[in-house]
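Down below are the structures I want you to see.
In what comes next, chain A is part of two complexes: it sits with chain B in the first one and with chain C in the second one.
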Partner chain A sequence: MYSTELVVQTFISGIMIGVLYALMALGITFIYSIMRMINWAMGEFYMIGSYLQYMLVAWLLGPDLWWLAIVVSTAGVFVLGLLTQWSLLKPIFKKPPEARDDYATVVTLALLLMLRSLATGIAGPNQFTPGSNLPIVMVGPMPLAGARVAAFVFALVALAAFWAVLRYTWYGLALRAASQSRVGVQTAGIDVLRVDRVAFGIGVALAGLAGALLAPVFLVFPTNGLITTVKGFEIVVIGGLGSIPGALIAGVLLGLIESFGAAFVDSAYQNIYGFALVLLVLVLKPTGLFGERGREA
Partner chain B sequence: MSASFRRSAVAIAVAAVILALVPLVAGSFMLHVATIAFYYVILAASWNLLAGYTGQFSLAHHAFAAIGAYTSGLMGYHLGTSPWIGIPCGVVLAGLCGLVLGRLVLRMRAIYLAIATWAFAETFHIYLTADYKFTRGELGLSVKSLYGTTDPMPYYFTFLALTVVVLLGLRLLIDSPLGYFMRAIKDDELRARSLGIDTTKVKIAVFAVSSAIAGLAGGFYGHFIVLLSPQMIDFSEMAKIVVMVVIGGFGTFLGPIIGAAPVQVVMTYLQAYGEWNLAVFALIVIVLMRFSMEGLAALFTPLWRRVWKLP
Partner chain C sequence: MAAALEAIGLRKRFGALQAANDVTLSVDAGEIRGLIGPNGAGKTTLVNLVTGVYRPDAGEVKLAGQSIGGLAMHEIARRGLVRSFQVTRLFGGLTVRENLLTAFYARRPSANDDGEAQAERMIRLTTLGPLADTQAKKLSGGQRALLQMGCGFMVPGSCYVLDEPFAGINPVIKEVILDMIVEMNREQGAAFLVVSHEMAIIRKLCPQVTVMMEGRVAAQGTLDEVARLPAVVAGYLGKALE
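Up next, the complex of A and B:
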């Protein structure tokens, strides 16, 4: 039968990848809870994050400064998110709210097409991988790839920073307030469109961070954001839209199911196990495990 | 037969007669492009029934077209059945899958529904690629052509007839009591239920019908392009359908018809720019959205009213 060692190793790798998927889900759910819209181009910001990481590591900083490259690429995606909100989404949010959802959907879908084909146009359909000279880490008797461990640790640090910003800064307060009531925030004299901009920036930066961290593991190519985005959306459905603890717990859950499915059932269908979990949750609890119950904006 | 149906039927008949004369002047490349445009008109119109009229913003419509195409294609490939048996099977299977998916997403709010249907489509996409021994995956599944020829002329007429039939059927449905129930559900589901509408039944029925129509279009499309690949279920296909409907006019009968054809034609001619074509196309869409959000159908409304002397 299967050895305990294999079970433990599968468990650890499931949790490690789950936290990275959770970053993506957190970005989706965070943007939704403030702006009440879904950013369908999330995977494209992931893709940009991974390309930035590759370029910085390969041309500018070298593999030893990978952590600096990750900070810079995340910041780059953050700035790009600010610009996107300012140029494309702000004009929509100035208009009355009825049509907003549909048009936010169309604009982000168009953005998805545009960024993807720009990436193919500029860099070609080639696959890149940023070099990593991180040594193999031993956790007890188990060897783990250095890049994966580094990504996991970095993701935990980023999650802690994200939590601290939300909890202790003025912007965090404004963001939490906006997620409760967009009108209330405005009556308190806060420019809700400015809050939106920061929220969108942070949300896509989380995707960019996931892209940068996973670049050595999942390679860099124009549609590399797709699979992680599917996972992100599955986590959001499982955990409940707008719930931050839901995204984290569901992320780890999905990572575990996927890694056990791949190890003990069939690795070719690794990407489908998550969907089975989604179906199960939908049948049993359609609002997700931690979802708000039918509260409208 | 309501007056509204009669007016639309006359308009569709006039357009169909004009379009039937097009092969007299058009070359075979133009006919090919037009045939594909008809395919998208059917997809866009049936998705509009689901999203625009009933408010179920599904992102799995392209998946149902692929179910139709792959069912017929795989039956032909593995069993050697004729397309005329395969296509109805594809329609039935797409309708059944729509029934099940519609049942699953029934109680979800708009955004959840979009995400869940999207996850369904992407999972199907991954399956088609992963199980390449059965579906041939990225290698491509070659299927028999419907008329044993690659000349687009007979396909052009087939798709023209299909489009006319589907549009008339949709118009009938929209003007029927069921059509009014659909719009009532979109406006306010709770209120619709309080007025005694069985919203569950209506929503599932619409999901199944629109999926079956997508399967029908997909089945014929497969036997027209003769090579199926998972590209058919790439998310950009769904994005295209959404963009077509929104450019034309979301939740209007005319919208998908006048949105789909021009978008498809523009995209075909942008192919000359290689990888850049989608970038240019997306840029056009973003600029359009930025300056006008009404959709093209709004431009035609005054004209339509004048022609029929409506108030």
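Up next, the complex of A and C:
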């Protein structure tokens, strides 16, 4: 039958890709938990992260400094997120909350189309790949692509940093408080629009980080954010919208299911296994694994 | 000395309803003033107008003599006008201690370490010690009201607007909240505007009350004075107060 090695390798690659999917889902869920809106242009921030990574590695820093390029790309997307909130979203959020998320949907969908067209216009429909000279890494008897291992390790570090900021800093406390009650933080004396700005910046930076990390694996082209965004939303549905542990656990779960499905059933249907899981979760627990039905105002 | 809080000619209309109609009211420095009136009289609307939740259609709000009209809610809070909500607005997923710390750092972000010490003090004062590391959403209604009070007192404010702090709360916790208000008033000289239907508490706490009816200020004076006014008795549907 199947060798143990194949099972172990499938398991490892599932977890590795799952953590990267989780970055994307975490970004979506984090922005939602604070701003109560879905950022539909998430994949475009992923795309921008991957282009930044390509340009930095190909033109400026070279493949040896890939890690620095990742940090700079992520920071670049973070700044872009701050600017997006300030210019496009803040004006909506200044108004009373009626239909706010509807406006936000329209604005972020328009942003999606604009950024995608911009990328096509500037870089053309070509595929790029940032060179990677990372060696193959042996885990036991298993060879793993260096770029994938590096992406996995980087993602873990980023997740740990994200968690530490939320848990141990004053700003993390403000972010967590804002996710519980927007009126509450304003009454306490916190400028909720500034919290939004930081939250949006961090959320899209997580997508940009995923884009930069996956650039050598999934390549760089104008619509490369699409698949990862779909996976991000699958994870958010599985884990429960607004739940951070849900995003992490569901991300790894999705990675594992895809990986095992591809290895042991049929790799042609890799993108379908996740949907099967989504349907299953929706039947059994419509709020997602960690979702809450309602929240206190 | 300027009044701690002044509302001057406030008006607010919601559709056909004139919820605040030329409301003028002032709370002196160090005063604990009661705000009473039948349901729908516009008390909460007034609270929302002075704390920046609603923009008034006309009129002005002054905090310690300075106009705060047009400021956002968080800016008003930072200037020392602290409010509590009838339906508590706590951070349900955060612990009691984290709720207190949020209130502390929100108004004093460049602080040294005394947030922790102040949180300890407030946990003692609110008698919530055993629940300090419990999530706020697991607290009872009375405990939430206590915590909300504690959050308001984490950084001394100059004026507190409390919307129904005693509604639906058991007598023991009522007493604790009452003591906290009196202590903050005595110790910090903080002014209070207390909205309540609990006449016994209002009588104990507030030398002066303002009565609102149908969006207007109907009377001011001691509770016993206003309770005798025919208009006030009629406004409470013919019931004498209490």
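Methods note: the second predicted complex is superposed on the first by the 295 of 297 C-alpha atoms of A that agree within 3 Å, B and C clash if a C-alpha of one lies under 4 Å from a C-alpha of the other, contacts with A are read in each partner's own complex, and residues count from 1 in each chain.
Heads up, the rule we're going with is that contacts are C-beta pairs under 8 Å (C-beta built on N, C-alpha and C of every residue); 3 or more make two chains touch, one makes a residue touch a chain.
Since the structure is predicted, the reported quantities are computational estimates derived from the model, not experimental observations.
A.B. asks: Between chain B (first) and chain C (second), which, if any, makes contact with A:170: first, second, both or neither?
C.D. replies: A:170 contacts chain C only, not chain B.
A.B. asks: Just to be sure I read the superposition right, which of the two partners does A:102 touch: chain B = first, chain C = second, or both, or neither?
C.D. replies: Once the two structures are laid over each other on A, A:102 reaches chain B alone.
A.B. asks: After the superposition on A, what does A:230 contact: first (chain B), second (chain C), both or neither?
C.D. replies: In the superposition, A:230 touches chain B alone.
A.B. asks: For A:147, select first, second, both or neither according to whether it touches chain B, chain C, the two together, or no partner.
C.D. replies: neither
A.B. asks: Mind working out whether A:184 is in touch with chain B, chain C, both or neither, as first, second, both or neither?
C.D. replies: Second partner only.
A.B. asks: Report, in rising order, the residues of chain A that make contact with chain B in one complex and with chain C in the other.
C.D. replies: none
A.B. asks: Of all residues in chain B, which touch chain A in the complex?
C.D. replies: Contact set of chain B toward chain A: 57, 104-112, 114-116, 118-120, 122-123, 126-127, 130-131, 235-236, 239, 242-243, 246, 250, 274-279, 281-283, 285-286, 289-290, 293.
A.B. asks: How about chain A: which of its residues touch chain B in the complex?
C.D. replies: Touching chain B: residues 32, 38, 40, 88, 91-92, 95, 99, 101-103, 105-107, 109-114, 116-118, 120-121, 226-227, 230, 233-234, 236-237, 241, 268-269, 271-272, 275, 278-279, 282-283, 286-288, 294 of chain A.
A.B. asks: Could you pull out which chain A residues touch chain C in their complex?
C.D. replies: Going by the criterion above, the answer is residues 170, 173-174, 176-177, 179-181, 183-192, 295-297.
A.B. asks: Touching residues of chain C toward chain A in the complex: what are they?
C.D. replies: 51, 72-75, 77-78, 82-83, 85, 87, 89-94, 98-99, 101-103, 105-107, 109, 137, 151
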